[in-house]
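Each in structure tokens, the structures are laid out below.
Here come two complexes built around chain A, the first alongside chain B, the second alongside chain C.
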Partner chain A sequence: MAHQTVQPILVHFGTLFTFCKLLGLYPHDLQAFRGIHTLQSSKIGTAIVVVTMLAVVVLYNLLIYFFSSEDHDLKASQSTLTFVIGIFLTYIGLGMMITDQLSALRNQSKTGELYERIRAVDEQLLKENVYVDISKTAKNILLMIVLTVVSELIILISTYITLVDLTDWKSILWLFSCFPTLYNSLDKIWFANTLSALKQRFFVINTALEDMVESHERLKRWTENGGDGGGQIFRRPSIANVSIDPSLEYLYKELTHMEAVKAYNMARNKISPIAHSLNSFGDALETPKKPYKYTSQPPTFNMVYESELNKDIEKVEEKLNNLCQLHDEICEIGKLVNELWSYPILVLMAYGFLIFTAQLYFLYCATQGQAIPSLFRSAKSATITTIFLSYTAGKCIYLIYLSWKTSLESKRTGICLHKCGVVADNNLLYEIVNHLSLKLLNHSVDFSACGFFTLDMETLYGVSGGITSYLIILIQFNLAAQQAKDASNAAETNYNTMLTTEAGNTTALMDYFTTTFMPYAQTDLY
Partner chain B sequence: MNLLLQIFSLLFGLVPFNRTEFDSNIIVDYSIVLVMPVFYLFCYYYVNFHEQSIFKLAECNSICNFSGKLLMHLGCFLYLSIYFLTLLRQKKFYIEFGKRLYEIDELSEKCIQLVGNRNKLFVAKTKRLFYVTWIILLATFAFAIFYDVSNIFDYYGPYCFLTNMVFTFPYVAGSIVQGMFASYVSVISERFSTLNVLFEKINHESEKKNSPIAVMDIESDTRKDSNRGPAIISELSKRKTAGLQQKNAKSDDLSNNDSDFAEEDDSADDAYSFGEYDETRSSDGKTSEINLPNLFKLHDKILSLSVLVNAEFGAQCVPYMAACFVITIFGIFLETKVMFIVGGKNELMDYVIYLYVIWSFTTMMVAYFVLRLCCNTNAHSKQSAMIVHEIMQKKPAFMLGNDIYYNKMKAFTLQFLHWEGYFQFNGIGLFALDYTFIFSTVSAATSYLIVLLQFDMTSILKTEGLTPRVLTPDANAQADNS
Partner chain C sequence: MSSNKVKPSPIQRHHNGLNQFLRQPPTHNSIFKDMRITLCVLKATGLLPIYEEVSSYEVGPPTKPKIYYSFFIRGVVQTFTLFNLYNLVTPGSTGQLFYSYSDTDNVNKWIEYLLCMLSHSATVIICGRNSKLFIKILNEILKVDEDVFDRFRETLKNKCGFSLKYIVGICICQWYLIVLRVLAVKDTLNVNSYIFLFIYAVQNGMATIFIVFTAALLRILKMRFAHINTTLKGYTYSEQHKLRRIPGRDRDVITMDSFPEESLFIYRLHNKLLRIYRSINDCCSLILVAYMGYAFYTITTTTYNLFVQITTQRLSFNVLQTCFVWLAMHTCVLALLSKNCGQATDEANGTSQVLARVYGASKDHQNIVDKFLTKSIKQEVQFTAYGFFIIDNSTLFKIFSAVTTYLVILIQFKQLEDSKMEDDWSKL
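Up next, the complex of A and B:
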């Protein structure tokens, strides 16, 4: 068992890393990644990232400059509201990309450490006879990349063909409108997969605990049957114990020894001595009370099997300690992940919220035949808007959903731990479990965006309500502006035009309702 | 009553036949499940695009057209989302649920047997409220369906079912799914209340048996207090020590205020109390506290069962609640802006508006029952933890000098804390299914309504030839004159 080495999770990130490196999103050393699968900071990489960033910023600004010539009449014809929203939202995509790249630069050294810690956790888990299956990661990453690229390309090409003036050579610049979102998506794929790796580790710990409960239940059933006289059943639990025995003992030595060796790891160092002292304390407490406790046990209990169970429990207790430490370590890693990506996530959520509202608002404007900012020309077509919105919403909602699930999974560990305690029904184990459970209760991992809001589904519920109400308000402003304009027009022309505006008003009502309740349908489906 | 629900859900194609058997014919099982949506989609297509649809009638003005279409599309969204979620829920769920429920019942039966005298524990409750609720629900649904059908019947005769399939069916189907959810939750709630009765029984026993020991305890405690200083907290102990203090005054004189000696005295007292406690225990024989580990296990199992149920049905709550919300808002909007002003002038429009009102009422009622049941279940599960804390506070006989029960109960309450953080009935995490949801919905609805009610509908109404009767008496007079 000990010979088996753990594959670092980064092996499966190969495609993604190469892709990011090609586009100049991540500054890490390509050779080191290829060779030993670690993320090391490199100066050339940093230079490349900075150059790419500057290039994209310049080209994007050129794009805005070129297309803004179309916007001159917009300022005259439309309400200032539409114009201001357009200007503001044009730059938020660019800002998002810059944030991603800057945080990638800032976190250069820490990212490597992060994956190293995950690998250490994997190794520990393997020592506990828990194998983490990471083979699916590569497939997931590939799927996400393909989805991202496909939706980016669809949006880009369809907009380019249908809505951009092809004859002008400068229209090639439109290509750069997709760069910010593409960069952002790649960065978020990186985040999502790290997060799901953490979730998987929590899940594995929980399953390990539940397996222990099951095996104990089986053992108990054997114990009860043993009174009737079942010779062969006795053999199987003992075999199970023997197979676990050496590895556990080895682990215990390893753990006590390790405190001295691996001193760099703060979190593990903090907890081990507590757990250790507890062991001796619990033992000392246990011994004088033993005879009394046995008399209080139900009389159906068989003495031979009881000792068997007891011996098992002492090992189980060690295992529980180790699992809890691992849980703690994963929580710490989760906090680190959250910290590394806190600004990008915050900007992404802000971007999602604003873009969702704005795109729907401009869609409404486009259906009313009003001019819209040139960079939001995709809003002229309902299909492209739908694709774009589901792409953006999918990105945001998947991240929120994943962090919610991870947080829940980490909370479930406490429940599984208590199941062990209840099944074993042993005083010593109860003490251990109570202690560990208090620790787990304090050590829950909650993902938040810079601490502004937690990333869970309730936030999503709030945000969808917010989008709806802001949209209604925006549309009402728009309607009021239109009515004012119509009224001033009507004063000049004759009475007949009044009737047409009224008829138009009815359709406006229809459109208003359909556009208003679109976010409902879309957000609720996810 | 559950049977009725089951029959309806089978008929509406929301549950496969033979749902508790693994190896039955798939085609037979899923026949109705597959036929119903096809039929629904056919009707949807027919009503939308055919000549004879309700929107092509001459009486159907723009408001009626808009509101009818909204109702129809909303129904389509509701039905399709619920249907796909139903398809996702395979037979495995029903089998798993049955298995777990059986395990729980077996375990609780064992516990009840240990306690003995079952009849004393479970007094048959009068189920009046239960029946009244069912009758009200059934009556509302019967009225709603009857109203729908009878009105459309006037227009189309026997073909009315095509239109009704589009207008009525999705809401009924959604309500039935919610009803299934509610029935599962009520099953869980029942198990919780059984559990609470068993906990309560232990609580009572400890109360009865240990009153003398409790007094002894207080005495020794207060003696400590009175020796060491004025740290007496409760009124009760004050009263009890009133007599004791006189005695103590004498003994204090004798022992020259030696606190060490007093403490020795205390320990002797404790030893005495242990001896007495052992006596009472041996004379009593079996008590129900040996149930405790089983009860804890039971609590855990029921909670994990509710996690299972919530995972299956929580997602279906979301479209239902959303549809209910939209219908209610537009129902109020249409009622105040259209019905009050021009009611009774166009029968078809009135019919559509009444549809809104009726269905908002029924869906709200179903949603309320679901929320109430979930809340009750939550409260029941919380109550168990409360009772356990009460037992711990009373320090009954079986806990004295024996850490294991104390640790057990502590473990249980800690586990409950974990459960509270982990699980609550919710719609895929978007909202918790309890009364707070009502509050948040009402506040959201108010703000939307304020925005909606600002719409000026009079011009639209005028173009449809519906002169407001209250607002413009002059116009009415003019019309009469001409």
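Up next, the complex of A and C:
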């Protein structure tokens, strides 16, 4: 007991770290990680990351260059804007990867400190006899990695086999199309597991508080049963021993239809002036009560049902204080995590929104038999699109869900603390609980993307609404452009044979944005 | 107000007594040092009253001639605004400025001029009405500075250097825009148009400079809130733990013994700062609404213009530059404003969070903490634009998403207009 040490959580990140290190995503020192399980910044690692980044950027650009020659006719007639937006859509994945790597470089020194702080929290928790079970982390990480790799591979291979021209040796470059998303997913797995570790710690604190409540209730029930015959309730001497007559208790039960424990509390609330002023209930209980004080020692078998809330009030206060401080520390760690990953998260959300909209729109275009940019060729198959979209959406939604749950879990601590106050029900403890709950109210952990929007279900709803409306707008544009083109084609064949050649030129203009703005591109031609 | 209510503790009185003798001669007041030029510009343009510097920690009301001067300048500016308005509604005089081919563009430009005028007049009128309030705000900030100096023997930094850079940037932008505008018009401009353009630039610049001034005021507040928070941080459990670990130097170490006295001072300071924060909000909120409306509209139309430029084959570099200058100026100023608002609000709200980390051993200390926390539960610290919306970082995000939506609508209109033209053309 004396020298029980806690395992640092990073022990379970081994697979993920090796994988990330192998791919050149994280710059931290491998030896230090293997040896003492800490993240230390290393210069060689930085160099490797930079080199990997450059290599991927170069290869990805090669890929874009190679494949963009395929839709040459598309590009020739593209207006400048289409070109700009096309570049934007194509490069956002790459930009996301670069953001991940750059923030990994920037945060090199801070991440080590982060996990050190988590370990310190674990140690503190252990001092309070709360054990954090982190054995599942490794399994979770493995599962996530497997899921990521499987979906990446499925998307890559199925697209490669069905939609890429295999005869050309350059088509091997298509492999690099999956690199940005893979890197991003690995980084986000890292983030998600850190976050869920925090959530687990909040949960553990809440459970510790609830355990105290439960054991106290058990003790109370036992004392009630045990004291049935003599009508005596044994209490430890240290707490304010205020109890009521068992016959009165029966009366409350009849009157309020509440279970004994609850009614018991209400009665007690009445007696204590502070508790009364701070709680809304207790008005109906006008019966005068005589406080009995039992200073006799409880029987020896009371040890079976021991409740911490019954111990020396100072010890209880210290324990609650410590839990509260730990809660605060975890909140601070949460803020740090949020700060470290704020830019990657922002870019990921932007990426999710744009790619989701674009992919669905291109799916629509493909079903209408229109040409789509070559890099979005996976939209030609509905199955691959489904897999791709669920993979992307899963990533975004899981992160939002986890952040939301974590902040909910942190808010639940206040409720658990109040349960302690209610069940133990004495003045001193009430004062402590009130004091601490005021503090808890000010521990805030809200996950947001650079302060622009918070990561919660509301945002998710807003984003899905946004995707739907933009999709509708885009499809409307597309339809209108098609109509206009048909009309102008008909007009041209009727009136001017010379212009048909130019119109024939523009039939290739069936790209997403070009179609949208075709009418005045034509006006300019006239 | 609160300083009248709460009796100063004996020690503080002692401090004050000493300071009567120890007070250093007024050297440079930090508030004026950082923002001297900003304040000069605002005073010269009549937006701020030309106050007297009574002592290093107090400013007095302006003298009679200076009041008249401010009145006179404001009157002149408003006359010019009327002149512009007249020019705008009479079609002939400045028709050359609306050279664009499309009707929608011209209407957009026209509304933009009108909104700029509105925003500027709102600034001038409200500033004229609130001149006393501004002096009060400045005095209160100086009072806080004095208190802090008496207590901690340190002068607070303001970090308002950005305001000067912004003003220079805005002036350059305005000149550049005039030049671009003059170059863009094909035929020679008449005098009316030149005057119109110049006044428009002045209006624009003044409205924007005032926003920069607001941001600077908020930055000053933020620094003061941050000072409070760092002082309180010394009492938090983590700092106390750290101190316990390093024994030895107990001289300069903060112990919990000084907490009640210190916290009283800090609570009072926090209240004063919050009051200043609110009065700044009261003074500026209508101006902010007008400016943000104007900026939002300008950003939308400019983005739209930029878009149209990029999609057409004939790129005009003049228009491109104009668009970029407008976008850069308004985006920067909006970002500055929302960033400073957000920071000030965060720091103000941060006090209770820092205080929540103070774990007093005795009941007295706990009660002191509890009182402040209870007070701050329902105390919503927000910088609002006249209650319409809260200004912080998320405002920027909301503005840009709104711009995107309107852009889509405008493009749709443009498409309709074009297809109609095409129909007409094909019917010929």
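In this section, the second predicted complex is superposed on the first by the 388 of 526 C-alpha atoms of A that agree within 3 Å, B and C clash if a C-alpha of one lies under 4 Å from a C-alpha of the other, contacts with A are read in each partner's own complex, and residues count from 1 in each chain.
Here is the rule we go by: contacts are C-beta pairs under 8 Å (C-beta built on N, C-alpha and C of every residue); 3 or more make two chains touch, one makes a residue touch a chain.
Bear in mind the structure is a predicted one, so any value in this text is a computation, not a measurement.
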Which partner does A:Ala480 reach: the first (chain B), the second (chain C), both, or neither?
second
Using the touch definition from the top, say if A:Leu438 reaches chain B (first), chain C (second), both or neither.
both
Per the contact definition in the header, classify A:Ala491: touching chain B only (first), chain C only (second), both, or neither.
second
On the A-aligned overlay, A:Tyr461 touches which partner chain: chain B = first, chain C = second, or both, or neither?
first
Taking the superposition as given, does A:Arg412 touch the first partner, chain B, the second, chain C, both, or neither?
first
If you stack the two complexes on chain A, which partner ends up touching A:Cys450: first (chain B), second (chain C), both, or neither?
second
Which partner does A:Glu318 contact after superposing on A: first (chain B), second (chain C), both, neither?
neither
Using the touch criterion from the header, give the chain among chain B and chain C with more contacted residues in chain A.
B
With the touch criterion stated at the top, can you tell me which chain A residues are shared between the chain B interface and the chain C interface?
431, 434, 438, 440-441, 444, 473, 517, 520-521, 524
Applying the document's contact rule, which stretches of chain A touch chain C when the two form their complex?
79-81, 84, 321, 325, 328-329, 431, 434-435, 438-444, 450-453, 466, 470, 473, 477, 480, 484, 488, 491, 495, 516-517, 519-524, 526
Would you tell me which residues of chain C are touching chain A in their complex?
237-238, 307, 310-315, 342, 352-353, 355-357, 359, 363, 366, 369-370, 373-374, 376-377, 392-394, 396-397, 401, 408, 411-412, 414-415, 418-419, 421-422, 425-426
What residues on chain B touch chain A, complex-wise?
62, 66, 70, 77, 81, 290, 293, 296-297, 300, 318-319, 322, 326, 401-404, 407-408, 410-412, 414-415, 417-419, 421-422, 428-431, 444, 447-448, 451, 454-455, 459-460, 463
Seen from chain A, its contact residues with chain B in the complex are 289, 292-293, 296, 298, 404, 408, 411-412, 414-415, 418-419, 421-423, 425, 427, 430-431, 433-434, 437-438, 440-441, 444, 456-458, 460-461, 465, 468-469, 472-473, 476, 502-503, 505-506, 509-510, 513, 517, 520-521, 524-525
